[in-house]
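Shown next, in structure tokens, is the structure this report addresses.
Note that the chains take the letters A, B, C, D, E and F in the order they are written out, and that residue 1 is the start of every chain.
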Amino acid sequence: MKKVIVISAHPDDEVLGAGGTILKHSAQGDQVFWLITTNITEPDGFTVEMVSERQEEIKEVEKILGIQKTYLLNYPTMKLDSRIVNEMVPRISEIFKEVEPEIIYCLNRSDAHSDHRYTFDAVMSCTKSFRYSYLKQVLLYECISETEFAPALPEKVFLPNYYVDISNFIEKKLEAMNIYASELGEHPFPRSERNIKALATYRGAIAGVEYAEAFQLIKFIDKE
Amino acid sequence: MKKVIVISAHPDDEVLGAGGTILKHSAQGDQVFWLITTNITEPDGFTVEMVSERQEEIKEVEKILGIQKTYLLNYPTMKLDSRIVNEMVPRISEIFKEVEPEIIYCLNRSDAHSDHRYTFDAVMSCTKSFRYSYLKQVLLYECISETEFAPALPEKVFLPNYYVDISNFIEKKLEAMNIYASELGEHPFPRSERNIKALATYRGAIAGVEYAEAFQLIKFIDKE
Amino acid sequence: MKKVIVISAHPDDEVLGAGGTILKHSAQGDQVFWLITTNITEPDGFTVEMVSERQEEIKEVEKILGIQKTYLLNYPTMKLDSRIVNEMVPRISEIFKEVEPEIIYCLNRSDAHSDHRYTFDAVMSCTKSFRYSYLKQVLLYECISETEFAPALPEKVFLPNYYVDISNFIEKKLEAMNIYASELGEHPFPRSERNIKALATYRGAIAGVEYAEAFQLIKFIDKE
Amino acid sequence: MKKVIVISAHPDDEVLGAGGTILKHSAQGDQVFWLITTNITEPDGFTVEMVSERQEEIKEVEKILGIQKTYLLNYPTMKLDSRIVNEMVPRISEIFKEVEPEIIYCLNRSDAHSDHRYTFDAVMSCTKSFRYSYLKQVLLYECISETEFAPALPEKVFLPNYYVDISNFIEKKLEAMNIYASELGEHPFPRSERNIKALATYRGAIAGVEYAEAFQLIKFIDKE
Amino acid sequence: MKKVIVISAHPDDEVLGAGGTILKHSAQGDQVFWLITTNITEPDGFTVEMVSERQEEIKEVEKILGIQKTYLLNYPTMKLDSRIVNEMVPRISEIFKEVEPEIIYCLNRSDAHSDHRYTFDAVMSCTKSFRYSYLKQVLLYECISETEFAPALPEKVFLPNYYVDISNFIEKKLEAMNIYASELGEHPFPRSERNIKALATYRGAIAGVEYAEAFQLIKFIDKE
Amino acid sequence: MKKVIVISAHPDDEVLGAGGTILKHSAQGDQVFWLITTNITEPDGFTVEMVSERQEEIKEVEKILGIQKTYLLNYPTMKLDSRIVNEMVPRISEIFKEVEPEIIYCLNRSDAHSDHRYTFDAVMSCTKSFRYSYLKQVLLYECISETEFAPALPEKVFLPNYYVDISNFIEKKLEAMNIYASELGEHPFPRSERNIKALATYRGAIAGVEYAEAFQLIKFIDKE
């Protein structure tokens, strides 16, 4: 049994990027935790309905993915910045000390959305082996509609080196994604069933399986 | 009317990587030339049938793609090396001087197959603006089963920055690919219809179209 | 007729980096828009004269370059930060929705001045193809006295891959630059006529023309 | 006689990263200045004792290293952000104008601690040759427990190209480090005597000397 | 039980770079294979004694490391080139098909010695998932006296992201290294006991263990 | 007095890339050596006149630059390859052991001409500190018509971090270049007086001097 935490800036990141892998963890009896750094609120211009619907979606996704516990930092969406990162670090540190995760699935550092990049920065501040000795793996996931929309610059390239066979979990991943109905659209809108399957097919062919999710591993410690 | 040349190490590279874009050029009345650096021969262990079938395939693909003229360098396949690059450079230079291409579609420099990489090296030696003044664009294409199998190293990343809408040409691209029947397989074998469509779908969503081919532009000169 | 927008953090960036290219667009009948993210103000320690002179300079440059319309975000100069980026994004988004630019000439992401880098970040948030479907090209320009003063680190390299012949526009570019008299100096001060011509000569030799401006293309979508 | 300035975000950075090299400068009769961007304060939760002890440590380290003068910016530790960078720039600029340093030893831009990264950004804004004409060298140092804990991403790699033989100064470097007793621990805690010596040994073998410190040179101007 | 293969260009590479990790595999009951691409011969100027001693050393190291079987390609040392790579590929392919390794420990692609780099190229040609479906991990190891002597260029950086605790195997690793007596020297000669321990200490502090070996993981496939 | 060696693949590289800096060394009383890896010969299609003229040019340039001794490896021009690199390494090693250079000015590893790249590879094999203990600096120079014509790929970027004021030597550098009359042309041909001066002006403005040459320092060892 492993303890695993997946990080979202906005709910749906985790399904798009690591949904199949999380489902696989749950199926293997691992404990999966979820940390979401932002939320939508009325003061930020979202209606009561949208806010409450979002909280409902989170609950439903928790159930499908088999999430043990969800941590909400509740920063206003689209407003993370470098000052807030300094605020987030001790809070994320507390959560990691409570969860003691062995594996972190984190947002990619060069995603188009700045909330993703600041969340990455904050999480990275909580990965030093001498403070978080239980930590064995840190992986960045690719989040459709964000990772591939990073500016085409060499320092922002997502470079996958880690593939997970999710052939048995693709349908359930799509089911989870459908909970976030308002985030989905029709191809060529990037967050579509068709595009999610296309990417999983392409990544699958690299790994020699039907469907795969791809990650960029940035830390692996073999301690046994 | 533009003059365009596409470079293959092995026939099928050009269809996999730039087939839709070539078809689009032909449809727009551009003149397309084809340069293939290697060939299969009996001394290298291929049967008479395989050798003659390959030459047939080249002819059929020429027809579908609307190739004006094909240049065969006929080096033995899987044997390009640094000495042969030195031999190839003056031959490619001659061809460019004959064709006077405005656009080059070249193999990516970090593809898994060394024939691709040595072909790239030889072609690059023939792109200096002061020797080839008609040259306005150099693009690297991504070749399924080679580009995504480069070792996951930062200096080998294919970094697409140029997308071509091939929605109207995807069917004809697949038709062209089917001529190379022996090179195709079933998913998760990477050279499959399903995977070709998956990649074109994923690239399409980035470009906002149904199907796209992606390139890495490394030279563009606006001279008009 | 194309619609084009050029982004400055401080007036003069656009002339230094893309002045010749903008003049060429205007000469070809394209519509050119200008977006400036900062401004100088009295509360920030500039005199009434400096402030009003700057607004005059902007008007004169508009005329020379043939700018259709200028958008001023008026953030205090030398004070852009990550919080302000979040504020700028919706404002830039509105402007893009009004202008519907096909081509963006943007500041380079690694320029020495942080105002340039934060402006880049804000602009990039407004380039997703599924939100800004008219967008076909995104180019970063090199701004003398900023781009070449980035720290010599691989992730900050300006890597030109796109050259525009500005031989017919170099004199008018220098004329436009002379409007910003207070920003110019004598060589080896980087913003000098001599240095501007030297760089245009060097870039010209790469492109095979007398004078050129160099850009880093990061997005090109061929949709026709 | 050269004038040299070493930059710390937190006292002990300078000893860990450049202690031997500073001692060598002092031994050679060079003038060494020290700039520390943050400090600990009671409002930030540190006890009176910790705060006064830290100021004592700074004084003792000054003596051992032979520091001419120390500049304290006194920003709260662990709270530097992009807005504070804008504040720091003119203050650092003033200090550089007073000191007129020939060589800057600066924190690495990709260290794990964000205070290091923001300090780097602020210092870099004060290195343009046309404003700071006395400046001849800019070097980034590697700070044990920060530099090697940067996320394993290509754009964050510390790439040493400059080695200083500190064989005659290793003992005094360790003596200086021992002043910061609270910052040291037992191996495998990274800030240990054993690890400091291990790294200096490994860097020494690259340089062909017993002990060395490694730097990434990002600017060198030979003006004589 | 896993099947593992370690690649050397010259005997001693495997001990320097992955000796502790191999010992750990053997201790865990995994099957370890060894592939050496070059050898020393009399025609190349080595004495009979040197040649036979080297073969003896290989046998002794096999015993200590618990090697199942060793494959010798016997190319002359210091003479690998691009033509020989083409020759090596089918031979390495045959060996992989016989061994069916799950994990490959390969030389780093940017090591100072060209034999290392050509060996890397040849091995990479045998890692495609659709040809070698049993392959789950490809790791590059760092080889003291070669990896850290690569030219300091960004495209040649060894970027460790995978650490193995070898605290229980460091003594036996040194014992194995001592078999290659002629390759060892005194510090600051890089291949010394002192430097091997220094590097393992430094890598250990990153991983939070006493001694570690560091690798750059370039492929991981989770297929279960 | 320092001993310095400059490496050319073809005579004129050294003047284009480092002519001013070499002149400065000579003026400061340093001993400068010159190593040229290729030559032109009659069997390779050059006329007797061209061959003898080239040897004359070398002699004249030696005189102007103040070269102590020139080493000719005499490999046929445009034919260096990976096998020849293996041959060159021991020959270059012998020369370095004879000269005992403190500083190496070497061709850039990504220049367009493959002779430049293979020369770089061979030279790099002779820079290990434990074999060449007198070596303190390794610098790559930028060679007009080759360095700026490398394909626009991140792994091939020339990244200058080291500038030498050559204001007092620019005229003599041009005089030296004029000896190679057949290699010079009119702008926009890249090897023109106008372009050489333009680049030196642009590099000068970065360094704060009238004319400068730029280098990429890849090794510096401070041993005193």
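Convention: contacts are C-beta pairs under 8 Å (C-beta built on N, C-alpha and C of every residue); 3 or more make two chains touch, one makes a residue touch a chain.
Fair warning: this is a prediction, and the values are worked out from it, not measured in the lab.
Student: Can you name the chains that touch chain C as well as chain E?
Tutor: Neighbours common to chain C and chain E are A, B, D, F.
Student: Which chain's mean C-alpha position is the greatest distance from chain B's?
Tutor: D
Student: Do the two copies chain C and chain D share over half of their interface residue numbers, or under half; same or different?
Tutor: Since fewer than half of the residue numbers are used by both chains, the interface counts as different.
Student: Using only Cα atoms to place each chain's centre, name the chain farthest from chain F.
Tutor: When every chain centre is compared against chain F, the largest gap points to A.
Student: Looking at chain pairs C-F and B-F, which one is connected by more C-beta pairs in contact?
Tutor: So, comparing the two chain pairs, more contacts are at C-F.
Student: Report, in whole Å, the distance between the mean C-alpha point of chain B and the mean C-alpha point of chain D.
Tutor: Computed from C-alpha means, the inter-chain centre distance equals 51 Å.
Student: Centroid from C-alpha atoms only, then distance chain D to chain E, rounded to Å. What do you get?
Tutor: From the centre of chain D to the centre of chain E is 36 Å.
Student: Quick check on chain F: which residues sit in contact with 2+ other chains?
Tutor: Correct list: 81-83, 129-130, 149, 152-155, 157, 159, 161, 188-190, 205-209, 218-219.
Student: Going by the contact rule at the top, pick out the chain F residues touching chain B in the complex.
Tutor: Going through chain F, the ones touching chain B are 78-83, 112-114, 118, 145, 149, 151-155, 185, 188-190.
Student: Spell out the part of chain D that touches chain F in their complex, as residue ranges.
Tutor: My answer: residues 129-130, 133, 161-165, 205-209, 217-224.
Student: Can you list the residues on chain F that touch chain E in the complex?
Tutor: Where chain F meets chain E, its residues are 81-83, 85-86, 89, 109, 121, 124-125, 127-130, 138, 154-157, 159, 218-219.
Student: Across the complex, what residues on chain A touch chain B?
Tutor: 144, 148-149, 152-154, 157, 159-161, 187-190, 192, 194-195, 197-199, 201-202, 204-210
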